[in-house]
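Labels for the chains are A, B, C and D, by order of writing; each one numbers its residues from 1.
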Amino acid sequence: MPASSADRIIALLSGPDQRGLVAKVATWIYEQGGNIIHADQHRDQEEGVFFQRVEWAVENGETEQQAKDFERFGDSIGMKTKVAIAGEKPSVAIFASKSDHCFHDLILRWKAGEYPCSIKLVISNHEKLRTASEQYGIPFHHIPVSKGNKPDAEAQQLALLNQEGIDLVIMARYMQILSSIFLDTFGKPVINIHHSFLPAFAGARPYHQAHHRGVKLIGATAHYATADLDQGPIIHQDVARISHRNNVSELIHKGRDLEKMVLARAVAWHLENRILVYENKTVVFD
Amino acid sequence: MPASSADRIIALLSGPDQRGLVAKVATWIYEQGGNIIHADQHRDQEEGVFFQRVEWAVENGETEQQAKDFERFGDSIGMKTKVAIAGEKPSVAIFASKSDHCFHDLILRWKAGEYPCSIKLVISNHEKLRTASEQYGIPFHHIPVSKGNKPDAEAQQLALLNQEGIDLVIMARYMQILSSIFLDTFGKPVINIHHSFLPAFAGARPYHQAHHRGVKLIGATAHYATADLDQGPIIHQDVARISHRNNVSELIHKGRDLEKMVLARAVAWHLENRILVYENKTVVFD
Amino acid sequence: MPASSADRIIALLSGPDQRGLVAKVATWIYEQGGNIIHADQHRDQEEGVFFQRVEWAVENGETEQQAKDFERFGDSIGMKTKVAIAGEKPSVAIFASKSDHCFHDLILRWKAGEYPCSIKLVISNHEKLRTASEQYGIPFHHIPVSKGNKPDAEAQQLALLNQEGIDLVIMARYMQILSSIFLDTFGKPVINIHHSFLPAFAGARPYHQAHHRGVKLIGATAHYATADLDQGPIIHQDVARISHRNNVSELIHKGRDLEKMVLARAVAWHLENRILVYENKTVVFD
Amino acid sequence: MPASSADRIIALLSGPDQRGLVAKVATWIYEQGGNIIHADQHRDQEEGVFFQRVEWAVENGETEQQAKDFERFGDSIGMKTKVAIAGEKPSVAIFASKSDHCFHDLILRWKAGEYPCSIKLVISNHEKLRTASEQYGIPFHHIPVSKGNKPDAEAQQLALLNQEGIDLVIMARYMQILSSIFLDTFGKPVINIHHSFLPAFAGARPYHQAHHRGVKLIGATAHYATADLDQGPIIHQDVARISHRNNVSELIHKGRDLEKMVLARAVAWHLENRILVYENKTVVFD
C-alpha cells in the first residue's frame, strides 16, 4: 500500500565509525522523500563504534518496501541495521510465577495504551494468576517446572512462543532460570527484572543481603536475559532510600514499586526501538 | 592557522522546520571534510520549529573560516545560527553579594577544569568577598548599590563588563535586581539562580513561603535573567525533600546545596553551547 | 477480650508544649504494662506545639478499654489525642471518574495486603469503571454529577458513605470539586491527588501550564481536601524530570506514574495513623 | 558552671531491649528538671536491640555533671551510653591526597557554620594542598607515604592526632589505606568516602568498573573505616544517573559531586551525634 502521512520508519544502526555516516543516512532518507522526525547518534570513541537511531515520516513510496531498502542500504555502508515500522505491534509473552505486581502493572499499562504491542499469552509455573489473566482477556498457560521436567517444560514454552509468533518475552518476576538452550532456541529478546542494584547483591534473596550489609539504598535492574545469570546487558536501574527502620519485609515491599517502575520503563524503551546492545552493554536513545 | 585534528566547531541552529534539514547540514560538513562527533536535533511539532546542535572535528581548512562559512550557510537555509569553536573561552563575570556558597562553588569548579571559560572579575555590592576573590587571583570590584544610585552603579558595572569583554554574567546569589536597561545594554546572557522551584514561591523569601505552606520539597531554579523578574527561560531545576522537622533556617541551609548544584549545571550547559532559547523556554541538548 | 500479645495501640497527640510530656506518656504506658514499640515526637519551636506518635504492645488488660483510657489520659494532660487499635480496619470509599490509573493502583495495593482497611465501595460520575470494580468484588455506584444536580448528587454520595460507615474518602482522580457542605457533613478525612507540585500550577490543566512555562520537572501533590480548592494540608509530593522532548501528552503520561506513587504513599501513611494536621500543614511520622 | 537555658545534652543509648526503657529515660531527665527537645528510638526486633537518641535542655544543675550522671544512669539500666554536650566542638583532622573537591567542600561548610567542630589540621601524602590549607588558616602537614615507610608515616600521623587531641579523622579522598594498627591505636572514628555504591565495585578504579559493566547509575558511599577495606559500617549513600554518552572521565567528574555531597552529609550526622553503630551497620537518627 502507498504511504499514508502517518507511516513512520525507525532504524537502529551500529558499526565501525567512519566519516560521513550522518550525511549518508540523512541524504538517503531525503532522496526517498522521507522527513526525519528524530535522529540521535552516539560514538563510543574508545571502541570506535557508531550508533544511530533515526525515525522518519514516509512521504513517498511504499513503507514496507522502503524499510527493506533501508536495511539493504545500511548493510551496504557497513552498519548492522534493524528496521521497524511504527505501528507494527510486536507479539509479547509474559512469564510470571506467584508475585503479581509486575504482571498487573505491565498489563494495565498495555490496556492504558502505553505499550505498542500485543500481549498474546501468559505462561506461569503456578496456577495463581489464571483468573486475573482471563479477566484481562489474555490466555493463560500453566506449565509447572520442577527439577526433573525442566527440559520438557521449556520445550512446551518454546512451542507456545513459536505458535504465537512471539517477538519478546518479559519475565515479570518469573522465579525460574531460563536455560541457555531456551534462550538460544527462542533467539529473540527476553527482558528480566532483578530485584537489586546489579552488580551488587546478584543471586538469591537480594533484599536479605541488602539488609544484612546495612546499605542505605535498595535497587532494581532491568536487563536482557543471557546464559550468564544476572550478567546480561543492563537496560535500566533505579534505587529507593531505606533506613534502619525498615525490616526485610519492608524492603521487599518497597522493592516491589521499584521493580514495577524499572521494568515498565525498560519494556517501553524496547518497544519503541530505543535500545542497541553491544559488548554486553546497552545504548538507550531516550 | 590550519586545522589541527583537535579543532572542533559547535553550531546551534533553530528555525522553521523543513524537509531535508538534517541531510543539508550533514552534507555541508561532510563536503568540508568535517567529521560529525555529536548531532542532536529536536522538532517542536506544535510550533513547527526545528532545533539542532551539531559538533564536528575540522579535518581540512581553517577552523575560524569554516565557522564563519557555516554561519553563512545556516542563514542561507533559513536557520538562526550560532557557532562556537571548542576551546575558545568566553569571558565571565560573577556578580555576588554576601552569600558565598555559589561564589566558591563556581570558582572551584573553574579551577578544577570543569568550565571552559575565563572568570575575569567579581562584582559585588558588598566588600565581604574581596579577600576570597583575591586569594583566588580574581579581581574584585566593590560597587555599592542603594535606592538612589542604582543607575550609576549599573553604569559602572557595564563599563567594567565592556572593558573586559565579558560574554556571560553569572548572578551567584547577587541580591539586587538588574534593570531592563542594564540587560538591554549588556545584550549578552545573564544566568540567575532563584531559590525556589519556580513558578512556585517567586519573589522574596521563598524558603519562608515554603515553610508557611508546608510543602514537602524545596527547589532551586537556574534561568536566564529577563526584565520580568523570575520569569526568564528556565535552564535547570531540582528539588530536595524536607519534613516538618526542618525549620526555616534548615530549609535555607538545605537550599544552599540545591542552589550550588543547579547553578553549576546550568553554567556548564551554557559554556558547552548546549542551550537554545525560544519563546521564553529552553532546549537543552544534554 | 483480654489482650493478645499481638494487640497494639497507636496514639497521636498534639497540643501546647510543656516539660515532662514524654515522661508522662511513657510512664502511663509502662504502668499499664504496655511496651512501647515506636515513639516519635516533634516540637514546633516557633509555635510552641508538641506532637507525638506512640505505638505500644498491650500486654495486660483489655485493649479497647486501654485505648479509651489513654484518650482520657491524653485529654487530662492537655493534649488533643487520637487513638487507634492496630488491626482495626477503617472503611474506605474511592471516588473516581474516567481515569483509572490511581483506581487500579489503590485496589491492587489493597489486595496485595499493603493497606490495613476495607475498601467498601467505588463512587463515580461515570459508568466506565463499573466492570473493573465488580471484577475486583467492590460495589460500584454511578452517581452522575451535572451543574444542576450537584447538591442532589452529593446527598446521594453522603447517604452511601453514611450507610457504609465510611471513615476515609480517597479521590482517585475524581474530576469534580467536593463542596464545603459535603466536606463538613461528611466530617472525616478526604485525600485528594493534585497533578502538579502545589502551589505551582494550581487549578485546571496543570500539565499544559507546566509545558507552557517550560519547567524542567513536573510534580504531584497528595493533600487533604478542604473547602479552599488545592489549598488543603499537603501530605506528600514528588517530582519527575522532563525535557523539551516531552510534549503535553507525554507529560500527562509521566504524570500518571507520579500521581499513583504519591497518592499510594499518602494513603499508606494515613492508614498507619502517621499524620497529624495543624495550621493547614501536616506532621508525617514516617 | 550552672546551666544556661541554651545548654543541651545529647545521649545515644543502645542495648538489649526491655520494657519501660523510654519511661525510665524520660523520667530520669524530667526529675533532673530537663526538657526533652527531641527523642527518637528504634528497636531491631530481629536482634532484640533498643536504640535511642535523646536531646534535652538542661534547666537545673551543672551541665557537665548532669552529662556524667546520665552516663552512669545509662550504664545502670544496661545500656551502652554515649553523652555529648551541644556546643562542645570535637577536634577534627582531614586526611587528603591530591584530589581537592572533598577537601574544599568540608572546609567551606565548616567556615559557613554548618559543622560544630574545630578542624585542627590537614595531613597529606602530597604537598599539593599546602597553599590552600594555609589560606584557610589550617596547619598543613606533609607526611609522604611509600611502600617502605608506612609504619613510620602512620606513627607520625598518630603523634599529630594525639598531640592535637583529635576526635575524628575524615578521609577526604585520601588515597592510602589506613592499617588496622593505625585504626586500633587511634581508637576513635574515621570516616571514609568510597567512590561507588558499595558493595558494588569495591576496590580500585570503581568508575572504570562501572563503565565496563554498563550500569545506569553511579554511586558514592560514606562509611566508618575498619580493618576490612570497604567493609565498614555504611553511613550514607547516594547515586547519580549516567548514560552511554558518559565516558570514564565524565563518570569521575559526576562522581565528584556525589562524593562531596555524601561525605558532607555523613560528617554532619556524625558531628550532630546522630549515628549509632552495631553489628557493622549504622542507625542514623536523621
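One rule holds for everything that comes next: a contact is a pair of C-beta atoms (placed from the backbone, for glycine too) under 8 Å apart; a residue touches a chain by one contact, two chains touch by 3 or more.
From a predicted model like this one, the values you see are computed outputs, not experimental measurements.
Trainee: Between chain pairs B-C and A-B, which one is joined by a greater number of C-beta pairs in contact?
Mentor: B-C
Trainee: With centres defined by CA atoms only, which chain is the most remote from chain C?
Mentor: Using the mean of the C-alpha atoms as each chain's centre, the farthest one from chain C is B.
Trainee: For chain A versus chain B, what separation do you get between their C-alpha means, in angstrom?
Mentor: 38
Trainee: Report the inter-chain centroid distance for chain B and chain C in whole angstrom, where each centroid is the mean of the CA atoms.
Mentor: Chain centres of chain B and chain C, defined by C-alpha means, are spaced 42 Å apart.
Trainee: If you look at chain A, which of its residues touch at least two other chains?
Mentor: none
Trainee: Which of the residues in chain C end up touching chain A in this complex?
Mentor: Answer in residue numbers: 100-101, 104, 108, 112, 114, 135, 253, 256-257, 261, 264.
Trainee: Spell out the residues on chain C that touch chain B in their complex, using ranges where they run on.
Mentor: Spelled out, the residues of chain C in touch with chain B are 42, 44-46, 51, 197-201, 213-217, 219, 233-239, 243-245, 247, 280-284, 286.
Trainee: Quick check: in the complex, which residue numbers of chain A touch chain B?
Mentor: 19-23, 26-27, 29-30, 35-41, 43, 59
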